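These notes open a run of structures that come right after.
Okay, so chain A shows up in both of these, paired with chain B first and chain C after.
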Partner chain A sequence: MDWDWGFVAEIMPTLLQGLKLTLIVTLLSAAVAAVLGLGLAIARRSANRYVARPVAFVVEFIRGTPLLVQLYFIFYVLPDAGILLPPLVAGVIGMGLHYATYTAEVYRAGIENVPKGQWEAARATNLTMRQTWVHVVVPQAVPPMIPALANYLIAMFKETPLLSAITVLELMNQAKSVANSSYRYIEPMTLVGAFFLAMSLASVVILRWLERRYGRLGT
Partner chain B sequence: MAEWSGYLTLILQGALVTVQLTLMGSALALVVAFLAGLGRIAPWGPLRWLATAYIEFFRGTSIFVQLFWVYFVLPFAGASLSPLAAGVLALGLNVGAYGAEVVRGAVLSVPRDQREATVALNLTPYQRMRHVILPQALPLMLPTFGNNAIELLKATAVVSLISLTDMTFQAQVVRAQTGSTLVPFLTILVLYFLMALAISAGVRAFERRLTAGLDGVR
Partner chain C sequence: MTGPIIRIDRLDKSFGALKVLDGLSFDVMPGEKLALIGPSGSGKTTILRILMTLETISGGHVEVCGEQLFHMQRGGREVPADEAHLHHMRRHIGMVFQHFNLFPHKSVLDNITLAPILTKGEPRAKAEARAKELLEMVGLADKAEAMPSQLSGGQKQRVAIARALALKPRIMLFDEVTSALDPELVEEVLLVMKRLAAETDMTMLLVTHEMGFAHEFADRVLFFDKGRIVEQGPPETIFRHPTHERTQAFLRKIIAAGHRV
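Up next, the complex of A and B:
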């Protein structure tokens, strides 16, 4: 096994380009997951059984099946139904939907974490539903959610290499194409690992800080 | 219709590989989780650092990256692995790192006076673990272990990318040969989901058995 620094310097621009796309995909998917997760959490809390039950089943189904297969499903099956998506969009939807089922649980735990007395007090002081949410529930429910949500942001970042399977040219795919064309696997693959490890270790430090700052959900 | 039964057989053969991978990966993950989890709270410094390094390393990168590294880079170091061995190794080590944190958390959450009582009774470190700490810690670990096993099952889909003929790989074969996309992918999604349900049912049954005598205690 011989490590060639010259080759590393040569492939670095390509890998950095992939890293950029990886970050973009992560942020877009995180936005989808954050919004969609809230929708799922609210739908699951719905008093209407015919809404809550199917949503609960869909959430369980998505959580119980592999993200890779879901990506294939979106990428290969939807075009047959006439919905043509570019790989990047398909990837963002797939990742966002998958992680929305996880963030939905975070939202649920965060909302249930607000003591019942707070709801009752809001009702007793004759606050409207909107006022109850905006001034009482959300300010107490959101801070403990932040570390848990950040945790899933890191998880999503680590899962982005899966998108290479549906031809998104992110970090892993760039590394693979470099490796395949030069037949040198050691440097690109190791560098991808090192990139992810470095970013993850840095994000763990930030996560610890968030936990100290905002506390964590008792799960 | 006769063709479909042939393709279904193909997918079921893949399902067998997926089950095999899940079982072998879980077995490895379980062993590694206990080794690293207990290593992390060991009284001996170097062992603690080693366990911490392992856990941080495998939690810091995704299974995908690890699998490709094991499969493509290790052969250059002279260690050529079959796709199945590479898959089991990567899955086991990855999920084992998450499991190690579960083991550590559960062992640490056993009340302090239990540990002190074992010291007062002059039990050896092995006896403390085997007869007092672990029987109380194990029921705490089980639910999370169940979730980890489901994560492992989901992660097995990735091995299709290093040409292991698991369920996802076979679905791709069916897609390539028939051009039909909905049927193969929906089939394997449902199969994965059923497997996940089976795992959580199994873990719950095991948990009931394990906590049967502990009702008054906790």
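Up next, the complex of A and C:
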């Protein structure tokens, strides 16, 4: 088994193409998870139990089943119900929804960290519920949870190869296809690992910085 | 308005099995300064929290500025108030808390202007001009741009007073506003409140352990025990010639603990 630099140069553009899609999918899914997770966390806190209970059930259901199964379901089963989604959209929805149930827990903890007196001060100054969330609770709850949210971002990034199962041409899928057509696995797979490692290490540096910057705001 | 600004009628409040207020009734006239005193757990703070709609009631009626606080009329029937009604009623009332509860992520100025801008639609410039006047009044004109974390407890509480005043409530509630302060910071807050009491015709309800201040500040003192009013009257009567033995015992204990009456 020998390393072929010529082959590396040959497949590099394809892999970079895949890397680009991996980053796009990660960011889009992260955006979905960030927004949807906040929605889930607020809905679970709702005083109306016809809202809170079903949401809690859905959250437990999604957390209790594997992401890969959910991706198959969205991409291969939903078409039977007439819902046909392009691979990228299905992947972003699947990953975003799955991780939203985890970010919802982070939000929940962050929201519960906001002292009761803040809610009461908002009430005493006659803010509406919406104004209380937007101007008082969320701005205080979010900074301390940024490190935990960033952690999930890195986890999502490393889960993107699952999307190759639903034909998204992300990094892993591109590597697989060049490997399958040339019968050489060492270069593409090594490069995939190296790309992920490089990105993860960079993320860890950013994460440490975020922890220093925001981590102590909650106390 | 010639009638009472607050009417409390056979008010009950329980937390689970614990009865905190027990068939309580009293009226407050517009402009009156009321001091609520009594041992902890006597229900006096709960009254303020109910008036601010931070607590619901278990029974009875509360009327504020001529309207029911927790009830409204729907199709000729009395039904529990909805959030819109509570929102409508809360504009009459402001509250200052024991632990200040300033918004820590907002500057002093933004703490004061947030609610007038959001709930009354005041233009920012107008809200800020008014906030600066209020800061002047509480002696903190130079702290407009400071963050709450940079202030002392006494300064925070004065900002909290300004924040409540910015909404121009007709009724102000002060809930043990000096209890969380270091002793040397108490005076600056009391001074602001004294000035406020002298200069405005706002109705004020004060829950306090500062008997000396209650004496000076209040037109009427209500002594509470176990969710009921035991005795009430002008401060001179309550503090110098209390008739009820529980009032006497309470005041003796307070004096023994070193508080000035």
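For the reader, a short list of remarks on this structure follows.
Note that the second predicted complex is superposed on the first by the 209 of 219 C-alpha atoms of A that agree within 3 Å, B and C clash if a C-alpha of one lies under 4 Å from a C-alpha of the other, contacts with A are read in each partner's own complex, and residues count from 1 in each chain.
By our rule, contacts are C-beta pairs under 8 Å (C-beta built on N, C-alpha and C of every residue); 3 or more make two chains touch, one makes a residue touch a chain.
Since we're looking at a predicted model, the values are computed, not measured.
By the document's definition of touching, neither partner reaches A:I42: not chain B, not chain C. When the shared chain is aligned, chain B comes close enough to touch A:L201, but chain C does not.
Once the two complexes are overlaid on the shared chain, A:L68 sits against chain B while remaining clear of chain C. In the overlay built on the shared chain, the residue A:Y76 is in contact with chain B alone; chain C does not reach it. Legend: residue contacts after superposition of the two complexes on their common chain; A:M189 is shown touching chain B, with no touch to chain C. Once the two structures are superposed, chain B and chain C can be ranked by residues of chain A touched, with B on top. When the shared chain is aligned, chain B comes close enough to touch A:P161, but chain C does not. In the superposition on chain A, A:P139 contacts chain C only, with no contact to chain B.
The touching residues of chain A, when paired with chain C in their complex, are 115, 117-118, 120-121, 123-129, 131, 135-136, 139-140. Against chain A, in their complex, chain C makes its touches with residues 52-54, 83, 87, 90-91, 93-95, 97, 99, 101-105, 114-115, 118-119, 163-164, 167.
Across the complex, chain B is touched by residues 1, 61, 63-70, 72-73, 76-77, 80, 158-159, 161-162, 165, 172, 176, 179, 185-186, 189-190, 192-193, 196-197, 200-201, 204 of chain A.
Contact residues of chain B toward chain A in the complex are 56-57, 59-62, 64-66, 68-69, 72-73, 76-78, 150, 153-158, 160-161, 168, 171-172, 175, 181-182, 185-186, 188-189, 192-193, 196-197.
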